[in-house]
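In the two assemblies presented below, subunit A is common to both, partnered first by subunit B and then by subunit C.
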Partner chain A sequence: MKTFSRYPLYFIVPAFLLYAVLFIYPTAAGFYYSFTDWSSYSKEINFIGMENFSRLFTEGVMQTAIRNTLIFAVAVTVLVNVVGLTLALMLNERTLLGSFYRTAFFIPVVIASIIVGYIFMAILNPEYGILNKTLRAIGLDALAMNWLPDTRTALWSIIGTEVWKSAGFAMIIYLSGLKTIPRDLIEQAMVDGAHYLTRFRHIVFPLLAPAFTVNFLLTVIGSLKVFEIVFVLTGGGPGYATEVINTFVYRNFAKGMWGYATSASIMLTLIVSVVAVSLLIVLRKREIEL
Partner chain B sequence: MRWKRGARNQLLLELLLIAWALIVLVPFYMILINAFKDTGEAGKFGLGLPSEWMWENFSAVFRKGNILRGYANSLLIAGCTLVLASLSAAMAAFCIQRNNHRFTNFIYYVFVLGLVIPVALIPTIKLMMNLHIHNTYPGMILFYSAVLLPFSVFLITGFLKTVTRELDDSAIIDGCGPIRMFAYVILPLLQPVMVTACLFIVMSVWNDFMGPFYLLSDSSKWTVTVSVFSYVNQFGTNWNLVFADILIVITPVLVFYFFLQEHIVEGMTAGAVKG
Partner chain C sequence: MKVSRLKALLWGLALVLLLGLLSACGGGSENDGGSSSGSGNESAAGGSSSSSSSSSSSSSSDGGAKPVKITFTTLSTSESEQQAFQEIFDNFKQETGHTVELEILPGGNEYENIIKTRFATNDPPEIFYFFAGPNEYINLNAEENLVEMTSEAFVQTLTPAVRDFYTLDGKIYGIPWGSYNALGVIYNRKVFEENGLSLPKNYDELLQIADTLKQKGITPFFEAVQTVWPTQIFFLSGFQSFVLPVIGEEGVQKIISNELRVTDIPEFTELFRRYYELKTAGYLNDDLLSGTYELQQETLSNGKSAMAFQADWILPIIQERFGNAADMGFFPMPGPNDEGIVSLYPPKQIFVSRDAGNRDAIMELVRFMTSPESLAVWHKYNSGIPVYGGVESDMYPAQEDIYKYIQSGKGVIQIQLRTKATFVPELDKITQEFIIQGDVEKTVKRIDENYRQDGRNKKLPGFE
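On to the complex of A and B.
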């Protein structure tokens, strides 16, 4: 009893109560509902064992959704980190408009995803959108695609949209990582005649390991949960070409198949947890080795 | 020769930065300029000036777009969530960090789990119905508070490690109980991190779509961001009006961002940097 007398436990109660009732309970209940036939068609909720999950994997759409989600997550993670790191490295040099660039590059991060979706719906318009107009103006007519209505380019258009929105976030984290690298270390290497790429490979990159871990984890977790941008731009189409797990969940939720939709979102929970934990282990190990 | 190469690199650097700045900023210019055109002209997404400035686009959006209602909803929900989530998170973080006991550390990890796991929206609907808070403001406020607690607790706990315990001791010697110590000694010291947490909470509520979309079937309670969706749903893609609507919705966010830039960037990335 004496242990908590100075800082009594009732301080935790309001937060934990809220969190337990409105976060932990629904998550746990979700596991239960995923084994039931809960739907808008019947008042009863019956336990049906693994039926939802076997249906998920025999109907085929869920496989497409998982595949698209993984492609999206990998591509977005790689591109966001490459663009974000490049921008951060450039801003770490002396530039004409340093803080202007920094301010501008972060703007998309503060705009709601749903609105970014509508903006890109206009930009990607095959006939009049500014993307294709720009491509035609600089003579790259061959690259002016149909984008969203075309099954071959739809997913990549959405990936590009997400990179536009999120690169500024990764940039800021890399920038604060770069700030922690002692200047003398770089200068010493320059005195020793190390080329920019050599310095980057052997000094900058290893010291950025913590920023890299954070960016990698956050982008992977965030992009596995993607919904708004896909929902607005394609709704999962054309066909199921851009169906991701969260649009699949919504599609079935809207049909009133709540138990089935919940089982799909449980799959997402499992995927996110497994990916996050294994990435954390791998990246932490790498941080130490470097 | 050396100088020449340096200058060329510098030029390349500036060009690349300007290119990305254009990629980021031109879309906003496109929204701005096309919001003033008529429907036909806006549908071509040109970057030239409108042949006629259609100020009435904005009054049309104000009349039909539920803008004021949306703003009122956003302010109400974000404001209440802010108070509830930040205060309860600060109290919990205080207890967790200061005790540093096996039990409180376990609670901390349970909170951290919420940073990773996706929110279970569909079961939440049923829960809210059972609690009779479905389609109500208190329901949304409690929901957002719960969802944003993990990050707030995480952030404030991290900050508390840097707040010295000596002040706790002198507060106790002066006869403060735990509640007064928290309110008069700890809370004022937490001010910087509370600002960060509060901005994170406001931005998250403001920009969220899935919460109201799943949990509020009553669209009169939708936040202003979600009102863009319902506007497009009802009136289709008359791009001049959609852009005017978007402009009305994002302008306050942008103004807010320009004035509080350092704090907002801190709020949205702090957990990441310090974690």
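On to the complex of A and C.
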């Protein structure tokens, strides 16, 4: 393809303006406000330097929030990708049943997080929820725990809910990745006597690298920014056991501590950027090698 | 490229659905402020609300001649409160033609968050029910956001103690509404009678009572840990009986002005240790973490639990759900050497926001609500100790107990409402975490830090 049309540069101005006003300006303003004591209690806004940030780390709740957010991100990313890939491998047939299941697994992705939260609040209810009722019915009483109120299981219950919701999305992307793998490669490997697992390890998985990069990055970034599912299921509780960075930001915003909440939010932006960029570099290198 | 008819049909259907959804969302919501749309909402980005309020108050000078729609925002509590509001509003409509719509939002700390967020995003509720205390004036930035009520007629009919309590620097911004509530121990009198128990004269006797009940298989205290806010009550009612006698009124003033830190009061830390002791001694409900407010009501009512650290606002709900609120009694948290002091919670208050469009109609509503007839309607549904003079109210037996304590001088307004910087933000989460984990030092330290940080945030003198 040699020719390309050259459009005047000013064609991008409208879109760029929109982007600048709705994205660049608020982010820059956020950076500015995170260094001030902007709050609902006074009309003046004073520059206070790094005080907000140092407070973030000495307060104690922030450390819990960061820890929980990181655990959540790692667990959700790993589980979503494993489950999504497994589902994609299983449902890669063109059968009617495969088609039905693909749709079924994708539907949770399009349900709003709040609704998913309410559904799972009902499912995970220790007394009346169907999870515990089923466990008791099949004799596994010991496993019927207080999923959401118990500090030990609360975070994992939220992780489970998020995996249920997002695995379908990973599945769809992996499916499209699988479709790009030429069938004759697989057939040649089968002729050469390779087992399924060997085929997977040496052919399928390396060729899925682009889909893997996309999924991994999207899940990591999305799960670092989690809010709704935590807020609906536990509100950050019990106590602060499931507090994540965004629930912390929300609480401080509602308290009127706007500058402080903005600084927590900027810190989240930094974490996400660092994680995303480093992951991108590592994963992209993998792709080029193949 | 051929586009099959089926595809075109499906696209068309999707488009129609999308448009339908969008129009439904857009058409369904009405601006708050009723007919005068956009009065407070046209403020420029970053502008403070006071600049727009001057323009809105001049635009609503139609004298309330046209019937307007007012939205009254409240938090979800008991059915009886909502019924009372509804009847008052129906009467108001009959008399003036203005419609008042009752907007019910989730309660607890969430309510405070929602209201503050609405003020922050320039979408304040016009007239709303809010928590008690003059420190809410500071919380909501009353001078900028709320209408001052000092010169209104109802102020004169308030009982003096409440009027004094609600006056800050000579101004009153809220309309006290409801009854006095008291924090302490709500107990099932039948359970006590059946087991031959009498009211404790001090804290050790309370523990003995708990032990007797435990032997008999009755849960001594039911704590609603999952609902979060009830876990604060042990501390708030215990403060009066354990800490107040030691530090005195002087000490309280010092706390208010940040000259005395709660970490320096041994009795304060001791109070938390005692709370956790209840758990380790097995006097709390077994399934502590899934205890909810609803279960608390249920077990108190049917006698499976004997006592709960609660306030008398639980009584109308028990009455509504189980019908036996008359079986409940009340006693204050006993102190180390005496029966204890009742921790009083003056009624919540109604605020009117400055940005509200139909100011005249709203003030008419305020005057209507504070008239003896409307107050009588309120107390018809919500028995309790009235705060306006000249109003009769039926009280549950437990409330009569409370009234007796107040009359004999054993009632003090609880500490949380007397401080300018609040203990409140996150106190409920802190106490919830405490009863689960039991780290006394960490909890007291956190309360102290929260308190001082709040004072710094509000730029109160003495807190830098």
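Definition applied: the second predicted complex is superposed on the first by the 279 of 290 C-alpha atoms of A that agree within 3 Å, B and C clash if a C-alpha of one lies under 4 Å from a C-alpha of the other, contacts with A are read in each partner's own complex, and residues count from 1 in each chain.
We take it that a contact is a pair of C-beta atoms (placed from the backbone, for glycine too) under 8 Å apart; a residue touches a chain by one contact, two chains touch by 3 or more.
Note that the structure is a prediction, hence the values are computed from the model and not measured.
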Requested in this report: Could you look at A:K43 and tell me whether it touches subunit B, subunit C, both or neither (first, second, both, neither)?
Outcome: second
Report task. Have a look at where A:A276 lands relative to subunit B and subunit C in the superposition and call it first, second, both or neither. Result -> first
Query raised in the report: Now for A:F253: first (subunit B), second (subunit C), both, or neither, which partner does it touch?
Result: both
Query - Which superposed partner A:P149 touches (first subunit B, second subunit C, both, neither) - result: second
Query - First (subunit B), second (subunit C), both or neither touched by A:S113 - result: first
Query raised in the report: Once the shared chain is lined up, is A:G129 touching subunit B (first), subunit C (second), both, or neither of them?
Result: first
Report task. Would you sort A:P238 into first (subunit B), second (subunit C), both or neither based on which partner it touches? Result -> second
Query raised in the report: Counting only touches as set out at the top, which of subunit B and subunit C does A:A73 meet: first, second, both, neither?
Result: neither
Requested in this report: Please work out whether A:A88 is in contact with subunit B alone, subunit C alone, both, or neither, and reply first, second, both or neither.
Outcome: neither
**Report entry** Residues of subunit A touched, compared between subunit B and subunit C (which is higher)
**Finding:** B
**Report entry** Shared subunit A contacts, counted only where both subunit B and subunit C touch the same residue
**Finding:** 253, 258
Report summary line: Within the complex, subunit C is touched by subunit A residues 39-43, 59-60, 126-127, 146, 149-151, 235-241, 250-251, 253-258
**Report entry** Contact set on subunit B toward subunit A in their complex
**Finding:** 13-14, 16-17, 20-21, 23-28, 30-31, 43-47, 84, 87-89, 91-92, 94-96, 98-99, 101, 104, 107, 110-111, 114, 116-124, 126-127, 142-143, 145-147, 149-150, 153, 168, 172, 178, 182, 203, 206-210, 214, 225-226, 228-229, 232, 237, 239, 242-243, 246, 249-250, 253-254, 257-258, 261, 264-265, 268-269, 272-273, 275
Query raised in the report: Contact residues on subunit C for subunit A in the complex?
Result: 48, 110, 112-114, 116-117, 119-120, 138-139, 141, 144, 225-226, 228, 287, 289-290, 425-426, 429-430, 432-434, 436-437, 446, 449, 457-459
**Report entry** subunit B-facing residues of subunit A, complex
**Finding:** 3-4, 6-9, 11-12, 14-16, 18-19, 21-27, 29-30, 33, 87, 90-91, 93, 95-97, 100-101, 103-115, 118-123, 125, 128-130, 133, 164, 168-169, 172-173, 176, 211, 214-215, 218, 221, 225, 227-228, 232, 249, 253, 258, 261-262, 265, 268-269, 272-273, 276
